[in-house]
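Reviewing the structure listed below.
All chains are identified by letter, namely A, B, C, D, E, F, G and H, in their written order; residue positions are counted from 1 within each chain.
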Amino acid sequence: MNNKTIKNKSNIKALNGGYAMAEALRQIKPDVMAVYPITPQTTIIETFAKMKADGLVETEIIQTESEHSAMSATIGACAAGARAVTASSSQGLLHMAETLPVVSGLGLPVLMCVSSRALSAPLNIHGEHGDVMAVRDFGWVQIFGEQAQDAYDNTIIALKLTEMAGVPVMPIMDGFHTSHTTERVEVLDDEIVTSFVGQRQAENALTDQKNPITIGTLALQSTYFEFKVDQAVAMQKVKTFYKKICVEYAKISGRKHGLLEAYKLKDADHVIVMMGATAGTVKDTVDTLRAQGKKVGLLKINLFRPFPYKEVGEELAHAKNIAVLDRAMAFGSFPPLFQDILTSMQSAGSKKHDIASYIYGIGGRDTMQSHILKVFKDLENGEISKNIKYLQ
Amino acid sequence: MESGGIIKHDLSKSPRTGDWRYQKPAVDKDVCIGCETCAIYCPDGCIEMIKHNEDVKNKADIDYDFCKGCGVCAQVCPVKAIIMKK
Amino acid sequence: MKLNKNTFEIIFFARGGQGAKTASELIAHAAVAEGKFVKAFPFFGPERSGAPTKMFLRVSENEIRTQEPVSDPDVVVVLDETVMDSQDVANNLDKHEILIVNSTNSKEEIRKRVPHFEGSIHVVDGNGISVDIIGKPNPNMVLIGHLIKVTEIVELESAAEIFRGVFTEKIGKDLTEKNVRAMTAGYDEL
Amino acid sequence: MNKKLTEKLSSGHATCQGCGIPAIVRHVLAATDEPVIIANATGCLEVTTTIYPYTSWKVPYIHSVFGNAAATAAGIDAAQKALMKSGKIDKPAKIVCFGGDGGTYDIGLQALSGALERGHDFLYVCYDNEGYMNTGGQRSGATPFGANTETAPAGETSFGKAQQRKDLMEIVNAHGIKYLAQSNVAYIHDLKKKAKKALETKGPSFLLVLQPCTQLWKFPVSDYVAVGKLATETNFWPLYEIEDGKYTINNVVKNPKPIEEFLKTQGRFKHLFGEKNKERIVEIQKTVDANAEKLARKAQIS
Amino acid sequence: MNNKTIKNKSNIKALNGGYAMAEALRQIKPDVMAVYPITPQTTIIETFAKMKADGLVETEIIQTESEHSAMSATIGACAAGARAVTASSSQGLLHMAETLPVVSGLGLPVLMCVSSRALSAPLNIHGEHGDVMAVRDFGWVQIFGEQAQDAYDNTIIALKLTEMAGVPVMPIMDGFHTSHTTERVEVLDDEIVTSFVGQRQAENALTDQKNPITIGTLALQSTYFEFKVDQAVAMQKVKTFYKKICVEYAKISGRKHGLLEAYKLKDADHVIVMMGATAGTVKDTVDTLRAQGKKVGLLKINLFRPFPYKEVGEELAHAKNIAVLDRAMAFGSFPPLFQDILTSMQSAGSKKHDIASYIYGIGGRDTMQSHILKVFKDLENGEISKNIKYLQ
Amino acid sequence: MNKKLTEKLSSGHATCQGCGIPAIVRHVLAATDEPVIIANATGCLEVTTTIYPYTSWKVPYIHSVFGNAAATAAGIDAAQKALMKSGKIDKPAKIVCFGGDGGTYDIGLQALSGALERGHDFLYVCYDNEGYMNTGGQRSGATPFGANTETAPAGETSFGKAQQRKDLMEIVNAHGIKYLAQSNVAYIHDLKKKAKKALETKGPSFLLVLQPCTQLWKFPVSDYVAVGKLATETNFWPLYEIEDGKYTINNVVKNPKPIEEFLKTQGRFKHLFGEKNKERIVEIQKTVDANAEKLARKAQIS
Amino acid sequence: MKLNKNTFEIIFFARGGQGAKTASELIAHAAVAEGKFVKAFPFFGPERSGAPTKMFLRVSENEIRTQEPVSDPDVVVVLDETVMDSQDVANNLDKHEILIVNSTNSKEEIRKRVPHFEGSIHVVDGNGISVDIIGKPNPNMVLIGHLIKVTEIVELESAAEIFRGVFTEKIGKDLTEKNVRAMTAGYDEL
Amino acid sequence: MESGGIIKHDLSKSPRTGDWRYQKPAVDKDVCIGCETCAIYCPDGCIEMIKHNEDVKNKADIDYDFCKGCGVCAQVCPVKAIIMKK
């Protein structure tokens, strides 16, 4: 994220990530928001509820009795033609898991703000990506962010993206690190956002009595496969839409977003690949090492689903050693981002690398610069373990 | 294919559920008193009341494209105007 | 002590429910209003109202990127003296750094409780001052005022403006101004 | 095809020969001329009416998962309110949910309860065939005591379901909604009358409609009406309504037939007539009598 | 699966996969089975319910009101010290999704028989692996089988494995292809199975009033990570237990099971890697091509979680071209087995391969020998697409 | 530490200063000398008593997720039955579920309903603080009309929760269980008596216990007993029980205090006392009166 | 026609609820009892009771591995003639293969409905025969008997034993034996 | 670490919740009538009734290791035998 300020178009505020998302939602003006509370998503929905109670937004809020119903009501509202949003975390994402592939399978433009958190058991309410990784294959677009500013920007971008692509989108922030941390956030003027996102133009809507549609059909052996391939194709198209929207968004905000953020990557021999809030800590570490003359760099993935295999493969082609840092556990397998990076290298036909897998920040564990230094040291020493290493 | 399998009603795409039938209801329009009981209960909505000769009351008429031959109509007819045939 | 280092790091100690969050965020808002960058975040535990807790605050002229908790603060503010019974509030505070404590005890008494600490200790009677000015104990405002004085991370006036912006509607102009006065009193306290 | 009756749900669906569901849907929906939107739970109705590429539905219809019909309706209700506010629609349609007993008594109960609490504007119709039929006939919370099903089968050491069915009417009534009623597909006129009242209710309303199923209950495919009638004539399934808390029995059965009359029409109760299980029938009769009495008392005093 | 019959120890029956699993369960004698019906798992639970009704097994069956509760009751029973099992499919697996990482996180030895099926939307009740892939990262062991015989064998193996390893296990069969197809199955004598699986020895049990335990604690930032690493370690140990149990099982049954099945792989240049029922069709195709002198082979994965990266890498090291056939869609990514195979090759340090990704059998689509021939032809021609190909 | 009271739940838990939950747990469990097994829903009680490496529980305890306490109990019940059969245990423990209002009225309702239908042998205790407290005070199905919460906040255009609370007692009662009762932590003797009856009931039993929460209700940390008492004295929270369908009011309040007495003790109702919302208080009083009357009628006739 | 080919493939046509599953599984069980390998599986649709449906059956001396549906059957058995109105039951049946139909119509009339089929057609009056012997129409037993005769995939006696094993308890010895006789009658029918 | 985080009660691992206290209840045992009300309602189970001098009734005694200082005891005491101190 490039923080160049366009003073005249922005208001600078101190907001936490939850508030930043709520602020973006307010400007987006959803017709319906159906939610169920769970830490650390509550900063979003409580802020929004208060905005509504104070007459700052007209959204119909449904305080449901569970996440399964929260997403179900969102489906109903979206299918009815409304701009429909929700928000969740952790156990909530899994409670509604049954409905998630339904949303994507139906091609409903649903926006779900996620504040990511560890999964039970044991119970832990802190930040990590285990929850969003658990639902990564459900046909939802997943956009990661680093700071509260990204939480704000990504929410606006996500809304436009979902309505343009007909694929549901999750802007994701790291629980607590982003959701509960107050930071400087540049907020756009309401009218600018309003005109940027426009109005939802529903192609099919239950409320269109002149064109009665049937949503949620049964597809037999003879047709289901085709629907799914179509869905995969629609997902692939998201990349193009996303890039386009990022360009447009840069125009109104002065802030650049994109599939990836390459930080001092160009000439880097030793590269860390990762997503989310902890990238900030890595950037500081990169600067420290660069100051010592070490050629280290960071590749931060923003668009995780659909995964930009090709672009990643290209960005990393020149690197000597690569460490992939996942903020999610893997049981009986390698972690998701690591596997996606391996796949990227194969996609790019770049087979020379040994790539190391690290897992950090599980259950809200603090990741310190010292951890990152250790990773870079491993890379420098060519210590590429075949096993996962944990930054505990 | 329609995105997400979202479709609109189009009778031309309907299976002919008449293919299911192995017994066929036949209305004796002269016996039928036009009470509509059969039409109301027919699970497949395929009994229409239509004009029959000079009769004042419309009489039951079966749409064999969709009639599955369940025999509900014959059962509920108060005057046994419908019989099920092989 | 000025905002001369790249990033200024502060820890607030208090108890759940005592408004440490509001206090640290007030400064964060003021800093942002002055064009600075901030990160203000609590240490999250499952503790309920009454349990000891802490807040972290970073302020800088430049973008703050690290997500690490503050482990080596420049200043520590103790909003509730009783947490010192169970917490080492001066951990990693070196001799050039400052510990601000809301207390009616003497500096010396406080120092006895952090024997390893060699830096300066500021004792402010936040409760007393706020009861005098506001009419009820709201030590946070007083302590914030003092913190601003000591660190100059924000202007007193910015903090006052932020407070006015947020609270005038909620608690009325009169009470708001009393709070601002309590802050000013903290600022003036030495 | 019957023009009027197939105005909203056309022929061409794949319900079993002699299924009682379609008549319920057609007559409930025929009770209003206002626009409707349907939210359906997974189950026989859904699976048989929406097989791609053909839908029998001529009115807007949505199905997503098994247990969420009421929550989906909640979303539609909120959407309509929002779209009214912003002038994108002129008039809200009446939202009608259809759910089977499994989708209502069991896996969809919580969503229903939440939607009732929040007071959305919708009618929920539970067609109750007393079992999970779409998956082949398993026990549900609505399956009556003693019935033989695939997951509570009768056998050497079992007489079928060992528990009483849930009293869904009372559960729903506990939510303090304005109108709810118990009806029976074999009594179409009763059903139509109640559907009309329910559809005219502002806020949530509820209909519980008995729907004999040839497959689970095991009777000839021509007999759903006859079997349904016996359910009411034996007091197994009284017809009643609750308006603003007030109970009315719509067909006080003076001399109820013995429960055997109902049970013996159906294969699912066949094992009860063996020597071993005879006592169970006495038990069932007692429960039916006690329930009828309780209901009568409520009607009296409310 | 080696079908050598040891007549004197076995009874040969014609059973479908559902019945075969129910038969294994009967012999295992679970204390508690908590279930909720869903196609195509119903063949298991209905058969078992009938066995119980006929007094053939004493298991306490709980017919719950949803899958969320089915797994919750299973958790309760297992925690109480009982041998507890369940069964599910598709939407059912997702309905209970919230509870699945809880079972593994608590280290509860739960056995869940799965008949795999497509996920909504659109609704489709037919076979594929989309459902089990959706829950593959939840810390459960996943064992795939090909035939009804495997469904039977794997259920017994799985029970022993879960109680030995303290990790929950899913034996998986392809919905319909296995669950609803009647095949020849050799059933062991009851006593043999009973003594093979033994009795559950619960280390911790709620029913042990003398040692009251607290299950399901809250682990803060300071401890959660360690619990999760321990869990990953326990998962890794499963491989050894599994191999050991397979050896023992071969002794009582004469049937060999193991991590992998290599079919005419030794000298094969062109190799298909896959899992589940359709392997049978591939074997027939391999034979056809071998008869034509083509060096083709099949690697069938049985133990999918924990994934045998090393062993797979070794088995495939010599191959020229490899096609990985996934029976699950991938939206915005590559499919799971494909990615695991790529990872295996990197683990094995074997970087020479180009590996092709195919997706087949989605939503119950029939996979014919002609499809498989096409894949082998691609391999022969060196047509290794960078994109996923669909065998539609 | 009080030896007797901490026999099952020790001190050292992290409940807020002045929380009403622990007294409920301690006195319910003190009502039996039989062994117990606890199943707990996610919520304040769970989170504050089981922080690794310390558990306050000295009796067997399980928590797994938020909405499944009753289903977990069902599994334990079945396990005990099986282990009894196989002789592995001598005697089943009494299973006691504790769930907050959120975990009972809302996300755990379906699991509770299913377990009640199946007739498991367990006591379910809902400690009702009228909101989701563990997550910081959001509205639940138990939150009363007019209360200010984080997700149904009072504001320019809102007076707090716009719906009535669910009548959970009636919902549970509709399941035809033998014993259920409404109690209040401020009335420990009432609670103990009811707990004893409930624990002695064979099959499912249920207790709904009011638990004033300092954080949500916003009153001084020393006041939970006083605030709880007012809830009953104003008829906001009558104490009653239902045994085999028969209602008994345990403390007929002759001259109920006006509802303001209760409301004014709490910050969550503060906004109602402003000019704008005054009418809401009248409305609340009406509802309280109507409910009391309804209850009295039920007690009379049942 | 003997079980001389590697795998014998059969399709049964019927309607949902008419017991085609039981029929094909009876043969499967008998074949397994004889030490053979089988795969018997329905074509699965969402069709309800009454809708046309089909069952696939493979029988072999060797392990059967393919999971493909039977697309090129050796024999087709039509248990309910009325399904021929909507289904091409003789698809992929060549001139050496056999179509068995439960009907009272003549061979010629049946052939008119499958004009492209050049193999032999066996018409068996399953309903008539079973009504005669069992007292109610249960054509499946008769048709199975005939299928066994034609294909020799299993011994008649194996099938009878299986039937007895499964049904004696359920429907009594008398009715069981009547069914077996109906099967035998089908076997003898030419 | 215990597998799955399954643990047993061990008071030595308990946090001293007395650390939370910023007001301290003090029982005046001579005023206390031993009614146990405070013990019953104490949220932290930390009031025990113990022998006091020659008194027949046991008197309230507070375990300051766990007392959080909420003041409930002081509130409910019918004879105001407990006062909260700074």
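In this section, contacts are C-beta pairs under 8 Å (C-beta built on N, C-alpha and C of every residue); 3 or more make two chains touch, one makes a residue touch a chain.
Fair warning: this is a prediction, and the values are worked out from it, not measured in the lab.
Engineer: What is the chain whose Cα centroid lies farthest from the Cα centroid of subunit C?
Structural biologist: Max centre-to-centre separation from subunit C belongs to G.
Engineer: By the contact definition above, name the pair with the higher C-beta contact count: A-B or B-E.
Structural biologist: Output for the comparison: A-B.
Engineer: State, to the nearest whole Å, the distance from the C-alpha centre of subunit E to the C-alpha centre of subunit F.
Structural biologist: Here subunit E and subunit F have centroids separated by 43 Å.
Engineer: If you average the Cα atoms of subunit F and of subunit H to get two centres, how far apart are those centres in Å?
Structural biologist: Measuring from centre to centre gives 24 Å for this pair.
Engineer: Taking each chain's centre as the mean position of its Cα atoms, how many Å separate subunit C from subunit F?
Structural biologist: 39
Engineer: When the C-alpha atoms of subunit C and subunit G are each averaged to a single point, how far apart are the two points in Å?
Structural biologist: The answer is 86 Å.
Engineer: Can you list the residues of subunit A that touch 2 or more other chains?
Structural biologist: Residues 63, 65-66, 91, 95, 98, 102, 105-106, 120-123, 126, 212-221, 223, 226-227, 231, 364, 366 of subunit A each touch two or more of the other chains.
Engineer: Could you check subunit F for residues that touch two or more other chains and list them?
Structural biologist: If we look for residues of subunit F contacting two or more partner chains, we find 14-15, 17, 19, 46-47, 51-53, 55, 57-58, 63-65, 67, 106-107, 109-110, 113-114, 117-118, 141, 221.
Engineer: Quick check: what residues of subunit B touch more than one other chain, meaning two or more?
Structural biologist: Each of 4-5, 7-9, 16-17, 20, 68-70 in subunit B touches at least two other chains.
Engineer: Where on subunit G does subunit E make contact in their complex?
Structural biologist: Going through subunit G, the ones touching subunit E are 25, 28-29, 31-33, 35-42, 44, 46, 63-69, 71.
Engineer: Could you pull out which subunit A residues touch subunit F in their complex?
Structural biologist: 35-39, 42, 45-46, 49-50, 52-55, 61, 63, 65-66, 91, 95, 120-123
Engineer: Hey, which residues of subunit D end up touching subunit F in the complex?
Structural biologist: Contact set of subunit D toward subunit F: 106-107, 109-110, 113-114, 117-119, 141, 163-164, 166-167, 170-171, 173-176, 297, 301.
Engineer: Taking the complex as given, what residues does subunit H use to touch subunit C?
Structural biologist: 16-17, 19-22, 68-70
Engineer: Would you mind writing out the residues of subunit G in touch with subunit D in their complex?
Structural biologist: 16-17, 46-51
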